[in-house]
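In the two complexes below, chain A is the common chain; its partner is chain B in one and chain C in the other.
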Partner chain A sequence: MSRIRLVAIVFLALTFSAVLFADFVAPAPYAKQFREVPNAAPSLKHLLGTDDLGRDSFSRLLYGSRVSLLLAPAAALLSTLIAAFVGGSAGYLGGWFERVALAATDLSLSLPWLFLLLTVRALLPLNVAPVTSVVVTFALLGVLGWSSSGRVICSGARAIRESDFVLQAKALGCAPHRLILRQVLPNLQPVLSAQFWTSIPIFIIAEANLGILGLGVAEPLPSWGNLLRGLENWPEVKASPWKLAPIVALIAVVSCFQLIFQKRENLAS
Partner chain B sequence: MWIRALPKHFLRLALTIMLGGLLGATLVRLAPGFGVDERELDTRLNTQSIELLRQSHASQRNILGYYRGYLAGLFRGDLGVSTSLDRPVAELFAERLPVTLHSVGIGVAAGWLLGFLLALPAALFRWKAYEIFTAGLSGLFLSLPAAILGLGLVYAGGPASLAIALVVFPRVLQYARNILVQSAALPHVLAAHARGLHRTRVLLWHVLPNAAPLLFALAGISVSMAFGAAIPIEAICDYPGIGQLTWQAALSRDLPVLVNVTLLITVITLAANSLSDLASSAFVRQRI
Partner chain C sequence: MSSGENILSANISVDYPGKKGVLRDVALDIAQGEILGLVGESGSGKSTLSLAILGLLNLKGGTARGNMAFLGRELTTLSEREMRSIRGRQLSLVLQSPHSSLNPALKIGTQLTEAWKAHAQGSRVQCRRDILSALQMVSLLDGESLLNRRPSELSVGQAQRVLIALAILHRPVLLIADEPTSALDMITQSEILRLFARLNRELRMSILFISHDLLAVASLCHRIAILKDGEVVECGSTEMIFNHPEHSYTRQLIAALPAAPARLEEVVVYSR
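And now, the complex of A and B:
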């Protein structure tokens, strides 16, 4: 393993630990207002200062990272499961089922998923709670982002179906469920894991784009998307460069994912 | 001849568009807030008025009925009326589509030029330092949300098409580099090098023709990437195109605009992918 990948793994491990234990690491709750010090500069009490509502920016960054870093893997898991079910069964069963499933995958691939995501996200109830908005946003990412993974998994499953060891197992009278559990799934595991890990940064960035547009996680719950909205006021950011912390954190985390899973990405594509 | 495949291709395209539109409309219909009108929050309205508002959305509740009516209108050239802007959707498209097509066209072309020019030396010469530089550069831009690139361009005073180019180029750089590396490692290419053929001749006669079908496919995909990036970029840059219209429609729950935009982008995406498929198969057949 190269040194740079090791550094990336350590950085991600530290970041995940910090966001998992945000309740203990953060100096204040994410919604608590320090009304006497709005827009404060970094200090020992407020490591990244405060926002215009007087909320501690470091705490909001930690909690926001928790939302993005815990729910993006959940969305990736959901999309990989859907892709594994559709693509895996299509590739393994073959015949008309494969043709129908591939047609559905192509249909789903042809839909502009960001436009569709924006449309469905915009049609949430008016009085949606912040927690519901975050769950729905990431669930939509998971449900709409499965198709490209489905195609890759389908071709992987097809290759396994046509392999000699599966033919031999079938000839020996291996039961279908045993064949799937003991032969097909373990051999599909590298493709599934590649799809899972490469989906995470994609979903993190998709949420960030939605959040900047005001269609992501609802306030006061922080996420990288709505924290990045603070960058819209450039004169203020120029005067207080510590407000760039959310974008620096986003670039660092997504780059680390890319560094660690570069080989898997090649496998996934 | 590949031309014989055209009618089948168009039929498949039309069928996919119809099914895609139905799927889009179904997803919208299943959204938990479907049929909810912001005017319901107006405290001056009594229960009867709110009920009347809800009934006005009743025609959209039956998915098949709604879609049938929508398709019938579509064939007459009637895309409906925007509920938030109170203008025909066709008129809005006629106004805004050329703006987006212009910025996406320039963005894709510039992104390809930059990405491909950077990928060529990375694939052909395999200089370690250059590889690290291109990997770092593409990694950095891949980590940035399109909206942030748009924001950067607003502050720098650059055009929206440049932000689209910056979204497209790292993907082109990464994939084109991989495709060219694979193509350059083929046995006949190595044999050509061994026989002392000039590097440019090997590139133009052996590496690029082998990579062409995959590069055509990448070109098709980059069009849909660019349209996806157009929403946040146009919204942030205040650029009066389809992306900005989609964002405004999403914020004001303008269903007619949203459904039509989804269908329009599906058509453009499919057309771009079909063109790249046709170009690829025509190229392969010509070589055979």
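And now, the complex of A and C:
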């Protein structure tokens, strides 16, 4: 394992540990306001200062990271399951079903994904409870983000369908459900796994995009997306560069995912 | 040797989309306990015939016309469910490439268990006993240790034997061996040919041995059918095909042998 991948793994492990134990690590609850010190500079009490409502920025970053880092895998799981079902069935069954499923996938791929995401999210109610906004945002990511994975999985399933070992299993009289469970899924597992892991950083960035536009996770619940909204006022950011912490964290985490799972994706392909 | 009673009588034609007449009125009879060799060049339709008999032509988009009577049942009229109950139990297949025919993701034990469960019900002990017996039958005496290995951990000869063990697990009446020795070195090839001959002798299993290697076929088979461009151009006993070939293509095949034996007696014969 290269040194840089090791560093990335350690960084992600530390980040995940910190956000999982945010209740203990964070100096204050994410919504608690210190009204006497709004927009404070970093200090021992507030490591990244406070926002304009006096909330501790470090605590909000930790809790925001938790929302993004835990729900992006959930969205990735949902999209991988949909992709596995549509792409896997299309590739394995072949024939007209494959043609219809691939046409639907191509249609979905031809639409600008982010634009589609923004449109669909904007069509849904915006004034919802924070927890509902989390569920809606990541369900939307999962439901709309399966198509490229679906194509890759379809191609993998097609190769398995045409393989000698599936022909051999059919010639031995194995039942269709046993073929799927024992012949197809174990051989698709590396592709599914690669699609899952590579989807996570994509969904983290997609949530950030939605959040910046006010279509993601709703306040007061923090996420990387709505924390990045604080960067809209550039002169203020220039004067207080510690406010860049959310985007630095986002770039670092996404880069680490890429470094770790690039190789896995190559292996799977 | 055959007992004379036919277990398979086929007369079929096969078309693929955009390619008509891949097989044209191919008539074959295989008797109980007989080894029939099917020889032909690449693309002559040998593998298509094996898929047609197994009812798996749809995998390649092909369609079969004609009739195939197997143990008194007309295969062309059977449903997929009925065909599945025959495949692996009465009619089995061994493919050419042993490593690609075994699932790379599953241990050998799991693959044999899957094949056993396809047609048998019973305890784990019973399953294991049948599996070890099949492995022993194909001369894999260290069966226990093999069960925990993956295909990539086997030599090509071992993998081919495992493949044959999978195929004979339920003691089929007819084993279709589709170029089972093409991917093997000479020594392993000879061992596998001996194995087929022994299975034929001991289990009275009929074998349709498909190959383009005329010498291998001659060493094993009681009769040989020569397939050319989708048609059987000649069919007869091994002695007749070698000593008195009638069709020009058969004569060409024999003349093309790398070191053509002057007489059949010079060919190592495993089955007689």
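The rule is short, and it goes like this: the second predicted complex is superposed on the first by the 262 of 269 C-alpha atoms of A that agree within 3 Å, B and C clash if a C-alpha of one lies under 4 Å from a C-alpha of the other, contacts with A are read in each partner's own complex, and residues count from 1 in each chain.
Please note the rule applied: a residue touches a chain if its C-beta (ideal position, glycine included) is under 8 Å from a C-beta of that chain, and two chains touch if they have at least 3 such contacts.
Predicted, not measured: the structure shown is a model, and the values here were computed from it.
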Considering only touches as defined above, state whether A:215 meets chain B (first), chain C (second), both or neither. first
A:23 in the overlay: touching chain B, chain C, both, or neither? Say first, second, both or neither. neither
In this superposed model, does chain C or chain B come into contact with more residues of chain A? B
Go through the superposed model and pick first if A:186 touches only chain B, second if only chain C, both, or neither. second
Regarding the shared-chain residue A:236, is it in contact with chain B (first), chain C (second), both, or neither? neither
In the superposed arrangement, does A:165 touch chain B (first), chain C (second), both or neither? second
Once chain A of both complexes is superposed, is A:174 in touch with chain B (first), chain C (second), both, or neither? second
Touching residues (chain side chain C, partner chain A) in the complex: 54, 56, 59, 84-89, 92-93, 95, 97, 100-106, 110, 114-115, 117-119, 163, 166-167, 169
Give the list of chain A residues in touch with chain C in this complex. 163-165, 167-175, 178, 182-183, 186-187, 189
So in the complex, which bits of chain A are touching chain B? 106-108, 110-116, 118-126, 128, 136, 201, 205, 208-209, 212-215, 228, 231-232, 234, 247, 250-251, 254-255, 258-259, 266, 269
Touching residues of chain B toward chain A in the complex: what are they? 16, 19-20, 23-24, 27-28, 31-34, 36, 38, 40-41, 139-140, 142-148, 151, 154-155, 175, 178, 224, 227-228, 231-232, 235-236, 246-247, 249-251, 253, 255, 258-259, 261-262, 265-266, 269-270, 273
